[in-house]
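Okay, so here's the structure we're looking at.
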């Protein structure tokens, strides 16, 4: 009897362990908890999430052997790269009746003709987020990249600015500010962008991919380069915590990066069935609307529009007007040689202590020299001292 | 001011430097504020959140499983290595045992990542983490066991042999009981090292398998709530207990190991 | 007799075989793979390009390109210099803090020593990320400590400085995490000193400073060397502390290596950097061993 009970218990716990699980690899802060809960109830399964803060990070993780994600939500250029790597599973459209909800403008784009592998999820822009009261008090402009690149403005907010810890995104912002396309791969232009960044760097507090939401909410940071939906979150959090200031964000007039994030099914994912269930679920107007209402993402889903709160639908920083859209660009992927050049520039950006850092390096050299001298001197002293000690 | 009071005051400052940060972490785990920036009020809420955080609990279970399995295997292999080094004075083995411990951790992490993906074509997950943890734990166990052996009188083993004991009997009846405290200390060390490891796990982790340190890292990087403090406090309690047990079992060897 | 020899040989292999095999497979072999990887081409989407292949227009096989790339630009050498600088500074600060403490413990009554050592080890048993995170709280711009420091600076007319996300924060983190590694070897060395030596020096008329500088310090050098190695080498490869506490300029070799594998997908370059780091560490270990051997001979 007791063994029988034990067996039942083991079986029960065993089945609980092997329960239906869907592994989602998503941007951090890109699906609301409510949506997750409702999906879990709907599919009677568990949604297990991992997060990334940058496409490059996600691609690298996959290249480094991460297998078993059912669904990933990459931006268009990363989708392109994943398709070329033959890493994705073609979608079974018969399981996705809600695909009709997507605004046709966002379908059949050049990175995935015919949407064989990907379905639009949401979009966000890479913009400037700021502490409204502080910036007003300091009299700083909010509609231009100049505010994070020009020392004349930066002196007023020194140490209170963060920029994204993403080589592609930061370079893109600098390229736009200089008046170039973000997809220009001319090394000379890249160098100008690099120099612009190095000049502004001493005024920034940190390269930050994820925690600027919190830093803005707490009030440690007044100005940040980041994703629009993250600033939406920061604004909500600040309101909830009854802070004395408000957070807002704006698409700079020079233009910015827009990222269309798509749901794709990874080849190594064990649960293609649940993956399709999830995609279809997220394509439903009501569910998709939550991405906008709670996360602040732009929405490509036509059926979602009726559910979107009017004050959000009218926010041009979430739904850019046609005039702004002209200045927004999709990012394209780099090949491996360009990646190496970009990576070297990124290293330079991180290493340089400002425009002229020769004093820093001289100081360091002197310090190292002294250290080597001390060690050698000590060794020599001991070598010399030994025989003398023997003599006495 | 004489010399010893001078030493005392500096040492008191150093002790404060060591403990104040940890006390702050513990105190803030009771802070009633999601933002965790200033003190708001007392609450046990974050512990409640922690015990309802399924991902955290899974990570804890993973961490424990990894630590127990890799601790056991590493103890067996490390004990063998320690005995072998002491008894046979091999040339290569000491180098192979010490290097993974002495090198910056990132090197082992990166080379194992390359190896798992390029050569073994292994799906990263529990197995890859366990293999990696065993690799660096062997060294610690071997060092402790060897230190224990080095402090022993060789004549006991000779006596056992003279009395007609086979090598296996000598080992079972004489050597093993004598090195037992060292083995236990090594096992406990492996266990704590494995539970605490971040860098090597970071490179060898796969999908859907998280460990406590990785979970803490991503919380620090993304959004810190006092839940991190709560989990830290509990983790501190766990390692504290392990250390106290270790010092009860084998106070001398533990100290020897720290040398 | 032959039989006996055989059994010892068999036991020898039974005992040393398993750990030897394990470490060959999971330590030596991966290290070799890394050496080979540093001579290969990066794959188009990350990983490595195939070693053999006949695909036209694709680069396969072995190359020195990555090493050329490393030496073509001074910045990579600069990162090494900088990492050495940070490691050196951390080691010095650790030494300055650890020495008085170790001396105090060694001079304390025997029954207190174990407890005092345990007090040093205890914080080092909590996870190192937690210890780093603690400093995030302490150095945060609105923390009491930060406000106090900046208030103090204000009296001298210095503008407020951010403490978190700076090289200072990185140094504090490095010292905090590695301090016990310095205290323990120092203490085990100092504990062994014979107090008679100090008495003799005193009888010969040496003052406190001379007693320390001429007797205690030279005798403690082996402890200093092993402590320094235990701090210096891990700091050299550290990436998490600059990652969490560092500002815009705090990049060390560890971060660069991590980036190649988990950011820019350039494995050959990541391997090359790892090998350079290995060489640097081996050189250092060699020098330390040489100096301390000299000390032993003395």
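Order of writing sets the labels: A, B and C. Residues in every chain begin at 1.
Following the convention adopted for this analysis, contacts are C-beta pairs under 8 Å (C-beta built on N, C-alpha and C of every residue); 3 or more make two chains touch, one makes a residue touch a chain.
Predicted model, so just to flag it, every value in this text is computed and none were measured.
Peer 1: Could you give the fewest steps needed to travel from chain A to chain B through chains in contact?
Peer 2: The fewest steps needed to get from chain A to chain B is 1.
Peer 1: Measuring between Cα centroids, what's the chain most distant from chain B?
Peer 2: A
Peer 1: Which integer distance in Å separates the CA centroid of chain A from that of chain C?
Peer 2: The mean C-alpha positions of chain A and chain C differ by 31 Å.
Peer 1: Could you work out how far the Cα centre of chain B sits from that of chain C, in whole Å?
Peer 2: About 17 Å separates the centre of chain B from that of chain C.
Peer 1: Two-or-more-chain contact residues of chain C, please, as numbers and ranges.
Peer 2: 47, 140, 142, 261-262
Peer 1: At least two partner chains per residue is the criterion; list those residues in chain B.
Peer 2: 37, 113, 117, 203, 220-221, 224
Peer 1: By the touch rule stated above, which residues of chain A touch at least two different other chains?
Peer 2: Each of 64, 218-220 in chain A touches at least two other chains.
Peer 1: Which residues of chain B touch chain C once you look at their complex with the stated criterion?
Peer 2: 3-4, 6-8, 10-11, 14-15, 17-22, 24-25, 28, 36-38, 76-78, 80-81, 83-84, 87-88, 90, 92-93, 96-97, 99-100, 102-108, 110-115, 117-119, 131-132, 134-135, 138, 142, 167, 192, 196, 198-199, 203, 212-213, 216-217, 220-221, 224, 228, 232, 235-236, 239-240, 242-243, 247, 251, 255, 258-259
Peer 1: Along chain B, where are the residues that touch chain A in the complex?
Peer 2: That would be residues 34-35, 37, 55, 113, 116-117, 122-125, 203, 206-208, 218, 220-224 of chain B.
Peer 1: Show me the residue ranges of chain C that touch chain A in the complex, using the header's touch definition.
Peer 2: Going through chain C, the ones touching chain A are 42-47, 69, 73, 75-76, 78-79, 81-82, 84-85, 88-89, 140-142, 161-162, 165, 218, 221, 246-249, 251, 255-256, 259-266, 269, 287, 291, 294-295, 297-298.
Peer 1: Would you mind writing out the residues of chain A in touch with chain C in their complex?
Peer 2: 54, 56-57, 59-64, 81, 84-85, 159, 167, 201-202, 204-207, 218-220, 335-336, 339-340, 342-344, 346-348, 350-353, 361, 364-365, 367-368, 371, 375, 378-379, 382-383, 385-386
Peer 1: Which of the residues in chain C end up touching chain B in this complex?
Peer 2: 7-8, 11-12, 15-16, 18-20, 22-24, 26-31, 33-34, 37, 47-48, 97-98, 100-101, 103-105, 107, 114, 117-123, 125-138, 140, 142, 176, 179, 184-185, 188, 208, 233-234, 236-240, 243-244, 254, 257-258, 261-262, 267, 270-271, 274, 277-278, 281, 285
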